[in-house]
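What follows is a group of structures, each given as structure tokens.
Next come two complexes, and both contain chain A; in the first it sits with chain B, in the second with chain C.
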Partner chain A sequence: MDTIKAVFDYTLREHVRSRAWLSAALFGLVLLGAGAIASVLAVNERGRMVLDLGLAAILAIGLVSMVFLTVRLVLQEIESRAVFLILTHPVRRWHYLLGRFFGTLAAVAIGMAGMGLVHWLLLEAFGWAPAGSYALAWVSILGQVALMGALALLLSLALTSEAAAMAFSVFFWVLGHFTPELRYIAERSGSGPLRGLILAFARAAPDFSRLDYAGARHAGTPAAWAAWAVLYVLAYGTACLALSAELFEQKEF
Partner chain B sequence: MKVLALRGVRKVYRRSHLGRLTETVGLDGLDLEVERGEVFGLLGLNGSGKTTAIKLLMGLHLPTCGTVEVFGKPVPDIESLARIGYAPEAAYLNRALTGRENIRLFAALSRIPACEREARVLAMLRRVGLERGMDQRLSEYSKGMLQRVSLAQALIHEPELVILDEPVTGLDPLAIKEVRALILWLKGKGKSVLFSSHDISEVEKVCDRIGILSGGRLARVMTQEEWQGRPGALEEAFAASVTRTDGVGEIRLD
Partner chain C sequence: MPAARALAVFALSAVVAVAVDGPLGRLSRRFPPLTELPATPFCAQDAALVELGFRAAAADLAWVQMLEYMGNGLPQLPDAPGHPYAHIAVLASRIVSLDPSFHRAYLYGASVLGWFPQVARPEQAVALLQEGLRRDPGQRLYLLYIAALAYKKEGDVPKMIALLDSTLKDPGTPTLMKEILANLYKSQGRYAKALEIWRDILDDPAAASDHPRARLQIEEIRALEAAGRGS
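On to the complex of A and B.
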């Protein structure tokens, strides 16, 4: 655990000092402000518009930052050869990978928390602060960011190219919003191989319908929804990290 | 007692580009042993396999065939790594962190207890002469300062075996003298040292034994008695043992 913590600490520090991270957080704050201004258009639903636009901005900035940082996370250290010195110390490779991943997730979560605080203050100013559903939305957003981060890390190690990993992450992000539809198409498909292919993609892509906070607001028991959402994120994230660790274990530097 | 041993080690790099597979032989049946407490120098031309041999010892590469052992255990072994200090040819360090933060990181990775860590980090930074610049980020460091951080991370956990890959390449004469003194100081403390170099004059000043690598094989092993008091003996032996394998011809002076 000490080695994971040491790698986590330096990764977090590295990201917090990076200008790209700061720019993303500032851009997010600008988006929140723009959302508040645009809400003038919705005369009677201003609070709801600030809420929805703000959450969408936090999700977009969180996702872009997480995918951008994780696809470069290990590849850049291999390219700069900084990974040489880490791995020639008594460090298990999967410890290194976990420390790097969770350090990045923590850096992105800190940025998102800053944006969330500003967003919450804006909602308070508009007199519209539904505490329960806001917490559910946060579970969903953080879950989506963590899932995409784990997937982007796996893709970067499998494809060994930042650009390809980024492109495939976007592909799976889009696909992940249509998994129920993909399953429906697979069931209706007459061709066996095609059905297998569609089902494989539907299973490989993260199922974002399980993390849809807009739907959860209307769910009967939000606590049960949140528990299932967390469980899904843990299961999918663990699978991606385990596969990443296996790929990383095979690498020669 | 042997601290490291490579037996019949062959390393072939395979690369595939547009479906075409190319193979490069890095090591071709290397046999090498280093005894406890000795300073062993690996001499060789570019591409002779010095860095490949070191990467195999550090577990960064896996041999295509043959065995690699450190402290009697097959590589890679996490427990053995805790007893080795390694400084690569260039300082591959995280430039976003300060000198102190880098050494603190490697102290934590080397399992130095948290209660001792800070004192050990400060003592090591003082030892390598970086106490004044230790809170600057590495992006502001000169090459010589980076090399010192690299040495500090290799020595922070007081390893039994120190492996230095071309430690004097690109350094100024004063820094070279300091690295030489450091190797002799490590020897005085009973540590084993393996280092690679192109520089024959440096190797002959500090080594107990040298191995001349050529084409991925150990062409010759010499002991100190064979070159001490015989100026030019090592250079002659080197020239007689190595052949260029990198496809570069001689410079013609006619």
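On to the complex of A and C.
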């Protein structure tokens, strides 16, 4: 655990000091402001629009940062040979991998928390505080970002190319929102084997549409949903990290 | 981590994820599939936003586009001469397909379809409200508007007005419906009630875009009142 924490601390410091991280957070704040200005067009639904556009900005910035950082996380250290230096110390490979992943997630979460705080203060200041739980909406976004990060890490180690890993990450993100359509197609499919194949494909992809509390918030999703969503993110994320650890163990430097 | 342990953790986590998928799916809000989106020039925009995970923002954008259509028209959806607001039903339907809990979109669309004299398509207004009852249960205004449209169809205007008046204080009531009701009062010579509604609109910061119209109407109604007293 100590080695995981040491790598975690070093990764978190590295990201927080980087200009890219600061730029992303600042760009996110600009997006929040732009959303507030654009909301004038929504007339009676201004509060709703500021809320939705703000959450969308937090998701977009969090997601892009997480995928970009995670895909480069290990590959860049392998390319620059910095990983040799670290692994000559008594650090297990999977400890290194987990420390790097959670350090990155923490850095992205800090940026998202900053954006979330500014967004919430903006909503409070104008009396547009959401009817549902804002914190739960924010946590659901963090869950999606964490899950996507775990998947991006796995893809980066499996594909060993940054461009391919990023392209496949985008593919899985879109596929994760396409699962309701896949189920719809499966229901209307006349062939049993084809239906099974489509459903298996839909289950294998992370189902982000079911984790989207921000989208479902207006409809008052039941609180029990949150517990199942957390379990789903933990289980799917652990599966990705376990495979990533195994791939990293197999790598020959 | 030994390979066997890593694979065991992977297998166990994958089984848990698949097992959790069922209850999570039952508790999650189900949105209509994209195939139910009405055909508009904005289909690609809507599908792209939904598939990128921005469904709520897509519905908000659709709402703004509908307001733009009502205000200045949309170049993508031109109305034929003599047929204003011909696309309002499809635009309202587009919003509620993206987000079935967008209460105001049902009410706004139904207000235009049911009470705008140059539109006058109450059947479509009722269909939209019924869709609201099905997809977004628990909103009393849908039922009240359906009842008001039934009174309108029977020609029972006083009952229709009384019913619509009872919805005025509801925070979900669109400003547009308040304006329709104010105009109904005005046309019946009930100027005090009409003035009261326009003043409420003038006091509502959320209806800032309607304030110039409210000021004009207040002036006009005061002139009518004065003319009535003079004669």
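Everything that follows uses one rule, which is that the second predicted complex is superposed on the first by the 225 of 253 C-alpha atoms of A that agree within 3 Å, B and C clash if a C-alpha of one lies under 4 Å from a C-alpha of the other, contacts with A are read in each partner's own complex, and residues count from 1 in each chain.
Throughout what follows, a residue touches a chain if its C-beta (ideal position, glycine included) is under 8 Å from a C-beta of that chain, and two chains touch if they have at least 3 such contacts.
Keep in mind that this is a model prediction, so the values were computed, not measured.
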Task = Could you say whether A:Glu252 touches chain B, chain C, both of them, or neither, answering first, second, both or neither?
result = first
Ask   = Now for A:Val108: first (chain B), second (chain C), both, or neither, which partner does it touch?
value = neither
Comparing the two partners chain B and chain C, which touches a greater set of residues in chain A = C
Request  = Scan A:Ala82 for contacts with chain B and chain C and give back first, second, both or neither.
outcome  = first
Message = Is A:Leu151 touching anything from chain B or chain C once the two structures are fitted on A? First, second, both or neither.
response = neither
Query = Looking at the overlay, what does A:Ala165 touch: chain B (first), chain C (second), both, or neither?
reply = neither
Request  = Could you say whether A:Pro90 touches chain B, chain C, both of them, or neither, answering first, second, both or neither?
outcome  = first
Message = So in the superposed three-chain picture, is A:Ala235 touching just chain B, just chain C, both, or none of them (first/second/both/neither)?
response = second
Request  = State whether A:Arg13 touches chain B only (first), chain C only (second), both chains, or neither.
outcome  = first
Shared chain A surface residues [contacts with chain B and with chain C] = 92
Key: Contacting residues of chain B [partner chain A, same complex]   = 55, 58-62, 78-79, 81-82, 84, 86, 88, 90, 92-94, 96-97, 101, 105-106, 108-111, 114, 150, 153
For the chain A and chain B complex, residues of the former touching the latter = 2-3, 5-7, 9-10, 13-14, 17-18, 80-92, 252-253
Query = Which of the residues in chain C end up touching chain A in this complex?
reply = 1, 3, 6-7, 9-10, 13-14, 16-18, 20-21, 23-25, 27-31, 33-35, 50-57, 59-60, 63-64, 67-68, 99-102, 104, 136, 174-175, 206-210
Ask   = Quick one: in the complex, what on chain A touches chain C?
value = 41-46, 48-49, 52-53, 55-56, 59-60, 63, 92-94, 144, 173-174, 176-178, 180-181, 184, 203, 207-210, 212, 214-222, 224-225, 228-229, 231-232, 235-236, 238-239, 242-243, 245-246, 249-250
